[in-house]
Amino acid sequence: ADKKLTMTLLNAYFQDEFWQGCNVGAKRAAKDIGADLTLLDGNYSMETQVNQIDTTIQKAPAAMMIASIDSSAVVPALKRAMARNIQVYAFNTAVPNTTLTATVAMDESATGAAAAKRMIGLLQKRAAETGQKAYRLVHLVGAVATEPVRLRREGFNKVIQAPIEGITVDMVEVVTNWKPEPAVSGLQDAMTRGPVDAIFTESDFLTPFLIPVLKRNGYTDNKGAKHVLIGGLGGIPGGLKAIREGWQEFSLNYPIDGMCASNVYLANESLDGKPFAQAWQGVMDKAGVTTNAPRLIDDKATGPTVLLTANPIDASNVDSKIFWANTYKE
Amino acid sequence: MTPFLEVRNVSKSFGGIAALKGISFELAAGEAVALMGGNGAGKSTLVSLLSGLLRPDIGSICIEGADRVLSDPQQSREAGIETVFQNLALCPNLNAPGNLFLGRELYRGFGPFKILDRKAMEKVTVATLQDLGVNVPDMRAPTNRFSGGQRQALAFARAVRGKSKLLILDEPTAALGVEESANVVKTVQRLRKERNIAVLLITHNLEEMRSIADKAVVLRRGHHVGSVLLKETSDDEIVARITGSFGAKAGVAA
Amino acid sequence: MSSKSEALLVRPAADASGAKGIVATVGKIILLNPILPILAVALPLFAAFVPFYATTTNLQNLLLASSILLLLSCGGALAMITGNIDLSVEGTLCFSSMFIAWLMMPAPVGAGVELSPLLCIPLGIAIGVGIGMLNGLLVQGLGVNPFIVTLGMLLTLKGAAAIPTQATTVYTLPSVYSWVGYNEVFGVSWIVIVSFTVCLMLACWLKASVIGRHIYAVGGNVEAARENGISPFRTVTIVYALSGGLAGLAGWLNAARLDSASANSGDGITFTVFAAIIIGGIALSGGAGSLWGVLGGVILLSSIDNVLNLVAVNPLYLNFVRGAVIIVAVLLIVIRQRLAARLGLQEAAA
Amino acid sequence: MSSKSEALLVRPAADASGAKGIVATVGKIILLNPILPILAVALPLFAAFVPFYATTTNLQNLLLASSILLLLSCGGALAMITGNIDLSVEGTLCFSSMFIAWLMMPAPVGAGVELSPLLCIPLGIAIGVGIGMLNGLLVQGLGVNPFIVTLGMLLTLKGAAAIPTQATTVYTLPSVYSWVGYNEVFGVSWIVIVSFTVCLMLACWLKASVIGRHIYAVGGNVEAARENGISPFRTVTIVYALSGGLAGLAGWLNAARLDSASANSGDGITFTVFAAIIIGGIALSGGAGSLWGVLGGVILLSSIDNVLNLVAVNPLYLNFVRGAVIIVAVLLIVIRQRLAARLGLQEAAA
Amino acid sequence: MTPFLEVRNVSKSFGGIAALKGISFELAAGEAVALMGGNGAGKSTLVSLLSGLLRPDIGSICIEGADRVLSDPQQSREAGIETVFQNLALCPNLNAPGNLFLGRELYRGFGPFKILDRKAMEKVTVATLQDLGVNVPDMRAPTNRFSGGQRQALAFARAVRGKSKLLILDEPTAALGVEESANVVKTVQRLRKERNIAVLLITHNLEEMRSIADKAVVLRRGHHVGSVLLKETSDDEIVARITGSFGAKAGVAA
């Protein structure tokens, strides 16, 4: 196309690294294909985001891509957009209730479950080494009443609360609402009740804030048997740094830059007339998310949906360039 | 005949401070009584009890022979008592008609849809203020723009518009000019003549006391220290009672 | 002296005849209005410089985006005029819509009773009224500080909203319930029609009715109101009930617009509500302002967000710009006030 | 009459001799304090029924968790005592720590100037003071509504906090800067020592100093203060500057505690700050209350969160329970007030 | 000798309302002038100009021969003017010593660390109120608990404690009892004798006017309608000037 493509990307929030990673990925892809990309910040308010969809509709870009703050609340507005022949793509969070042009999203409950399994593996390993049977785990919950968090939390809890071979896990949940201070106070209070063996954080941007708490409570060693096992989701720079330093064991990477980029590329291919079925795998390549085992669910109800699995990060691969946190600042 | 108002052995304390100690007096229908006393003697506290702002700690208030519990100002108004408070009870954000008809608005309609009749209220306001000879530059300005005397005149005008049987006036002319004060006195005299209204007047002005009241009740530090017929009593004696030098060194005052 | 003093009682309307008189009158109206002057400057500027701003579609969107904010702000403004504060409106919106959705929907998300939407719409409003009456009772009946009562209520209601459906968002509500969100008249959503009609009627009622007068009186001097036989308890309870009812109504309209109910709906709108109220000229201390001003405040704030969306400011600077614009807008409003005060213009609340 | 009237001028202290006198005096102190009675009920209850609540470690934690809230609340309370409001403290905390972190850190995250932490600590406080003085100028100098000025400032600062590092969180600050977060005396963090010392000194200063008296006077009747030669502008600006400075200090301590600076830090603490202030007995209308009460409010609110963590309430019910507990606490406070009023106890602010 | 205070052709409007129209008068050092006028005549507005609360629209104010811009009350105080405002200027949340020393606190220390000397202030308060014969039940209670007269006495006491050269009194005895009023008059007389203080007195009480002032300046609806020596003028004439009937039908008043 000789005419410059116009696209609008509706981000959920701007003031943290995870969503910054998204912007970087999207901008890179837009530059790559020469599209004119507008970024909007929903500020974690679903009403704001719906207003932004309506505003975007009237500017009639060729495509819009959205990280929905509430995947149900955006549906009527997205339907209006589709009705105006604007292509609508969703990233990070699927919009289960309507047919969009395409979706590239994380499988939240599967990711939660995968994290739990990994954590259990670590605990069982420690049990084998030390003979300890009973473990206490602190689960740092995000914003409890949001859809992705609900799925993530349910996925994790279902696995961790089921009977586990050889060990018992006593879980304490702390609601953080994605804020450092409640996370820190909550962890501190959990430690008051007794030693903590493991922490699962629904976003590992919280990990760096936890380390001073651990240090103050005598967990000064980032190795060894007393060391608190930390696992998280996101693959956020702070988490990766903690993995490098030995504080955190693993993270499950959300390829946020890749998801955004794939939305942009998909729109480009589609507007060039290439059908989705032919285009999507190439796009996943270009967007750099092949390691996330993209699988296509060709759901008639929601439109073509590529679900991604979060790839694990640990000390062995923490510096790999496939993780957005290692490249997004470049 | 039963008196219109009977105050029986009423006491009121604020924490450690006894503002009124066992006060009793009567006020016949149509009678004008002056309530006299130095600053802090308890006069305004007594007014608060009669107008339903406060309840006595002990003692009772009878109106037209019946014991009444006046637990809010509305009840006092319904019992036929209208009060000009020392604090004037004006809303500074409302204008003159708004204050003159405060709680007594003229309206059309019913229930939550009573619609104010602004025209009528403004008309009455013009007439009322004119009657009192009070000069208000802009009736529609909020009353926080009014001078001290203008405010007081408005509060007085509001009270006398009612159909009450007892008018309580707490220092109604304190901020008024010579002419305006005279108009207030004249108005009270007229009301007494025309409607046989009873009056409870608080004032520090002996002349005003004499031109309105027949009887004086004197308070001193919360105690009732005497009721006198004004015709039979000299100014000096009243002042002596107020200051507490009566009896001790009778006749010497101020 | 009679005729002379009568002449003085009402200040002559600055010889309102002739062109000069009209200019003076219009000037006075503009200067006396808390928000009109700034709208009169800002909106034409937006129209001139912001692409798409002055299109029909955008105005329709703007009204739609203003609707919920308007309802909540009018309620909050009423409470503030009595000298109180109502921080709970966001909570009421959220809880009532979530609870109603739970009643309407089949199990497992809903309660399973599948209550009729036609019943649920008034029920949602009634829940709001009930919450408001509870606020009124606590504030004026028991004398608890209104700030803390309604803040506690906000937290409680937002927390309670997550309980019925276990924080699950409820989507695709009964079509009767969300009809109002999907239908329009000349491109204007029924949500706009309902909310603006209610608020404009309320604005008139506040200025014209006896209860409205009492609302101002209580805010101006609660003791004076009481001394004149106005019941502060009754007045304040009515006002909180209205505010709650409006929030309940907003809960319905918001859920209808989103065609879903979520425990996060309304998140963070409280700050915007109070910004609109105060920019609209309602004094924190009570007794002053009108809902017309609040309407202006709502339009201004919605316009700012709308314009920031249309010109697509770098999101990194967005919050900064929004905050700065609000401060500048308020500075302009203050300049307007100063000018009006210098000219001695100040209207009584009633 | 001289000796008689002198005897009346100071109410005798209810024969303070004997056991009965002491009980009466203690009773009076408890009843007059806005928050002591509820603490006196709540804390023993917590200690009795909440496991681990009354352990040394938990108390150390509780103080640590209270520190930042205490600093912000004291600043906000000062502003409120003058009859104003300061909503910007959260923004000041966030912006100052973020900006300072940017100055201290090497590129690419930081500015690359790597300013010395020893310089940065006072600089952070100075930034807070500057922001506060700007607030004071706008509020009392230009007469802009304090609610909207400081709300605009809050939005602006939170927005601005993201700009220097492009919303990137800054981890592992220079060790001199975060020393205060890693070191303790007898298990009590230096953060606690610094914040509590500052606030307790401030509480004394407010009651004992001439400026403190003027702060109360401006809050009680700003016109009377002015008529008596007290400059409301000076007083209010001092108060906002103090509030800003405390928020700047809190920015340092918070960043030191987290050993990082983030554009999200402090998010949402504004509501808690105002809950603490009002529960602590500061009147919204100004002129009343003390920082001792605010300290009580902070301890109460921190204890509630601490207890909810210790008993590990189901996260779904957490917000609901927290809101309900706050309402109940405030109801108890009102009962205390009623009792005190019935007994005629009410102390002048000064 | 230059007069202490010279008001030259001063006007002040509030929007459409002209409160003062070209007022001029002089006040010599040590002289006592009564400022008379009906309600809304502009007396308090003139006080506001002299005490730095408001600035004149036109005209100027000279103190001891020098043109002064009084743009805040502090400047007026520094020029030697002390005022008892009609609104009393009390902080309702502070107690009696707090109000008596408002803006003039006794302290030790310096800069931001000036520490209040409570003991000393309380002692002076007791003595001052006693001097005025005012009876305050609890000096440490906030003044919103005080009766109207107690409040006014406090405001008066504050003003006379200063070292001012001109004392402006805006209806200083309006709420005071007979005895308390007499004490105020006596105090002012004593100050004039002892400190040769000049006085600008506003009152509606002609007797009080005569016992304090030598001269009267009469305002009517913002106009200066006459300055008279009290020795040479009858009460009736003054009232006639206040009400505007002077000249028209001289000698007929009240």
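In this document, chain identifiers A, B, C, D and E correspond to the written order of the chains, with residue numbering beginning at 1 in each.
Keep in mind that, in the parts below, contacts are C-beta pairs under 8 Å (C-beta built on N, C-alpha and C of every residue); 3 or more make two chains touch, one makes a residue touch a chain.
Quantities reported herein were computed from a predicted structural model and do not represent experimental measurements.
The chain with its CA mean position farthest from that of subunit D is B.
Using the mean of the Cα atoms as each chain's centre, the chain most removed from subunit E is A. Look at where the CA atoms of subunit A average out and do the same for subunit B: the two points lie 74 Å apart. Mean C-alpha positions place subunit A and subunit D at a centre distance of 36 Å.
Rounded to whole angstrom, the centroid-to-centroid distance between subunit C and subunit E, based on C-alpha atoms, equals 46 Å. A straight line joining the Cα centres of subunit B and subunit E is 28 Å long.
Residues of subunit C found to touch two or more other chains are 1, 11, 162, 167, 316, 318-319, 346.
Among all residues of subunit B, those that touch two or more other chains are 14, 16-17, 87, 134-138, 141, 145. Chain contacts: subunit A has residues 14-15, 144 touching two or more partner chains.
Considering their complex, residues 14-17, 19-20, 141, 144, 172-175, 177-182, 184-186, 188-190, 192-193, 205, 208-209, 211-212, 215-216, 237-238, 241, 329 of subunit A touch subunit D. Of all residues in subunit C, those touching subunit D in their complex are 85, 138, 142-145, 147-149, 151-160, 162-163, 166-167, 271, 274-275, 278-279, 284-285, 316-324, 326-327, 330-331, 334, 337-338.
Subunit E contributes residues 14, 16-17, 37-41, 44, 86-87, 134-138, 141, 145-150, 152-153, 171, 174-182, 204-206, 221, 239, 242-243, 253-254 to its touches with subunit B in the complex. Against subunit C, in their complex, subunit A makes its touches with residues 8, 11, 14-15, 23, 38-41, 43-48, 50-52, 54-56, 58-59, 69-76, 97, 143-147, 150.
Within the complex, the subunit B residues that touch subunit C are 51, 53, 72-74, 77, 83, 85, 87-95, 98, 102-105, 107, 112-116, 122, 125-126, 129-130, 133-143, 145, 158.
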